[in-house]
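I've put the structures underneath this note.
The two complexes that follow have subunit A in common; it is paired with subunit B in the first and with subunit C in the second.
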Partner chain A sequence: MRTAKGFLLPLVLLLLWEIGMRASGLQSDSLAAPSQIAAAFWTALLDGTILRRTGETLRAALTGLAVGGGSALVLSIVLGLVPPAARLMQFSIEVLRPVPAVALIPVAILTLGFGYGMEISLVAFATFWPVLIYGQAAIVNIEPQLIDLARVLRLNTFGRVTKIVLPATLPRYFVAFRLATAVSLIVAVTVEIAANPLGIGHELMTAAQSLHPDLMFALVLWIGLVGWGLNGLLLFAQRRLFGAAGASVGVPQ
Partner chain B sequence: MTQISPLPRGRAAQPSPLITFEGVNHSFGARPVLQDVNLTIGKSEFVCLVGPSGCGKTTLLRMLGGLLSPTSGNITVGGKPVRGPAQEISFMFQDYSKALLPWRTAAGNVSLALEAAGTPARERGPRIAELLSKVGLAAHADHYPAQLSGGMQQRVQIARCLAQEPSVLLMDEPFGALDAMTRQALQDEILRIIAANRTTVVFVTHDLEEAIYLGDRVVALYPNPGRIAQVFDVNLPSPRNQLTTREHPEFLRLRRELFDFIREDRT
Partner chain C sequence: MTLNARIWWTAGSIAVTAMLVAAWQLVATYGNIPPVFLPGPDRAWSALVHGFSGGDLSMLTLATVKRMVYGWALASLAGIVLGAIIGSSRIAREYVAPMLEMVRPVPVSAFMPVVIAFLGLTGNMVLIVIAIGSVWPVLLATVHGVSSVEPRLVEVSRCLRLGRLQTLWKIALPNAQPDILAGMRIGLTVSLILAVIGEMLTSENGLGYKILTSARAFQSADVFAGVILLGLIGLVSNLALQEIERYMLRWKRR
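== the complex of A and B ==
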């Protein structure tokens, strides 16, 4: 019932938009009525364009996330367990972190050329930081008594990481990856719009440049839906795995 | 130290020294926490450390457990200097809600000690079952800590400590957060278990009666900086009994002496 209420406002706005467009009889290169947008979406869906382009974007975004987030996961554990290494890296991290991934697009084109390589690299760069920062915070927040326990039981480093550190921080890492997933989609689409001839972003840019506002709006809405679906999927998984609290240390039921 | 009279308990009578503190000091930065601690603890002796907050009793225990290094002085166990945590020394933490892995069952938490000690997987199952039944938790092996009461969680900790087969058991206010009935049940349980294994115990507590009830000796500490004030010998019949021991004239005399001692210290 609450979700149904959430759909009410967008539906009313769409209806007003449709009525407005029809009443004014406007013919535009930059606007389209919802009915036209729906038709364009349906055509692009049937001829496979949307699914193929979505596949390209998701492939780049999720590979980049795996590379960036995965290496950040490993580095955050190393930095968490070896404080001198964390102090050594701190300056480099603080200098590199504020660099927007978008600012590296020219660098990536120059060094890697167009294609998946450069898009994956940029997504990896952008998703590396949230996972690293959240991961470090998660490790600092491990209950000190559990660290004492690991010492008293004389667990070796591998045992300490797999039996104490990872299970204790898993819920927080999951949240970090969920946020990084949103970042990965944003960066992938941005890179495609700005330069890379791949994915939904490129299709969107092409639609705008060839004066197809109906397809353009259809793609914008579609990107929103993909992001919403992806986040919903991860939220569902998070609730299932760690309970409603999510960020707290979960008890697998 | 008071004169040692013939002990009905027989455990503390001239025991061979197992643990020694020699001129041990510890400071956090410039602030001394413990000053010139000299103490000898015999094999299978039960020693309780009491004193107000800030007297360094937990620091003393952590140094003995190898979790902290003394700033100066020597601590030896079985003639060997303590250089870090050891297999034969097991440590029971105060806060049970933070000392168990919430994502593992009672059996899984006991298993952790066996895994750390390198016990082969197929030998763990029977050992875990034996340890859990020893602390009366055989029926709760598959329960997570959040599903157990505070007393049960401390029993899981006891089982995990016993999995190490320690010759020395260090306990940091283990029953402080439990209700009175559970606390008494666990006091008797720990006495029964360590009597069977002849384990040496160093036990930190706030509770003077608990210290007298459990201990062969009670070591009272002064605060600021922490130092040993006096050592009381406890000459009470064993096994202890929650009713008769606590009504024993010697128990009452010691209780009076310790309370007076702590009160004098305050003024």
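== the complex of A and C ==
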């Protein structure tokens, strides 16, 4: 019942939109009726454009996430286990973190040119910070008794990381990577819209500039669906894998 | 940790940053990287000084900051008002809030081509995109804050026979204040990002446009100067909002 109520308003709006477009007989370069949008979406889906372009975007986003999130994972463990190092790096992190990834687009164009390389490095830069910050918070929050246990068992550093730290922080890292996945998709699409001739963002820009509002709206909708689906998938996995442990993760400042 | 020790650690971490900058300088000077790709900090600094003393850098910085702040203020106002309306009414929450959740995962930059199609490549378009983009964190935080009032406080307001507006003003909005401020901080970050992209796409004057044209002209020192300024804008605005947040929420700490 609750979900039905939620769908009511969008459906009514869509209907009004459709009726309004038909009744006024409006021919527009910037607006299309929902039925036209659906038709454009169907065509683009059938001829493979959407899937190919989505593949390009996801490839860049996920590779960037692996690079950026992966290196942040390693660094956060090092900084978490060696507090003096964390204190010494603090200022550098605070200074670098607020640089907007999109501000680095021109730098990336200059050094790497257009293509996957620049997009991947920008996504890597953007996803690095959330994973680092969440990771550090995760390690600080490890149950102190577990650390004592590691000491009692005389685990070496490697054993401590693989047997105590990683299992204890896994739910938090999963949440960090889930949020970073959303960031990676946003940055990838943004880079494509702003500059890079690749992926779904570029397809969207082309549709808008060649005055195809039906395809344009279809692609905006599709990008939202991809983000929503990716997040839903990871959320499902998180509940399945970690249950309550993942749900209790707060947002570190 | 004693105050003294904290000062030493801070000094140490600043020294590490200085060492990183020095390493950047060494790589730029002695490394085998063409200066077109990597200007050293010395050249970025002189580009900054040059841009501020004789060039248009202060004007461009001001343009970007203005755009960011105006769009953000517009978004915050709209977000708080709409969020208060939706959050305080059960009907609106059930019918409208799910739609907001559906729109949220769309990356904001994806709205940009749509708004361009309607408004063209103008400064107004950038402002509106900034407002649309940074309204979400504030709006959703306000809905959440206003609707999650402690049940006992709701009973108190009923005992006092407060009207809906009074309940909203005296109980729900103060209750939502931490959420709203946190949402506004995220919104400010989003608005800086959108200001930069908007300027890149529309060639409106500002730092975003400046660094893109500098990159096209292979003036890497100017690009880095612009990036440093944008980082500073992000850093300073975030710190300022953190202070405001601390000041406005001082009643919560007691």
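Structural remarks
The rule we apply is simple: the second predicted complex is superposed on the first by the 238 of 253 C-alpha atoms of A that agree within 3 Å, B and C clash if a C-alpha of one lies under 4 Å from a C-alpha of the other, contacts with A are read in each partner's own complex, and residues count from 1 in each chain.
The rule is simple: a contact is a pair of C-beta atoms (placed from the backbone, for glycine too) under 8 Å apart; a residue touches a chain by one contact, two chains touch by 3 or more.
Fair warning: this is a prediction, and the values are worked out from it, not measured in the lab.
Within the superposed three-chain model, A:L96 lies in touch with subunit C and out of touch with subunit B [touch as defined at top].
Contacts of A:L185 after superposition: subunit C is touched, whereas subunit B is not reached.
In the superposition on chain A, A:I164 contacts subunit B only, with no contact to subunit C.
Legend: residue contacts after superposition of the two complexes on their common chain; A:L14 is shown touching neither subunit B nor subunit C. Counting the residues of subunit A that each partner touches, subunit B and subunit C differ, and the larger count belongs to C.
Of the two partner chains, neither subunit B nor subunit C is touched by A:A66.
By the document's definition of touching, neither partner reaches A:L81: not subunit B, not subunit C. In the superposition on chain A, A:M216 contacts subunit C only, with no contact to subunit B.
When the two structures are aligned on the shared chain, A:V152 is found in touch with subunit B, with no touch to subunit C. Residue overlap on subunit A between the subunit B contacts of one complex and the subunit C contacts of the other is empty. By the touch criterion given at the top, residues 9-10, 12-14, 16-17, 20, 36-38, 94-99, 102-103, 105-114, 116-118, 189, 192-193, 196-197, 200-201, 207-208, 211-212, 214-215, 218, 220, 223-224, 226-227, 230-231, 234-235, 238 of subunit C touch subunit A in their complex. Those residues of subunit B that touch subunit A in the complex are listed here as 65-67, 84-87, 89-91, 93, 95, 98-99, 101-103, 112-113, 115-117, 144, 146, 164. Listing the residues of subunit A that touch subunit B in their complex gives 143, 145-146, 148-149, 151-155, 159, 163-164, 167-168, 249-252. Note for the complex: subunit A touches subunit C at residues 2-3, 5-10, 29-31, 87-92, 94-96, 98-107, 109-111, 182, 185-186, 189-190, 193-195, 201, 204-205, 207-209, 211, 213, 216-217, 219-221, 223-224, 227-228, 231.
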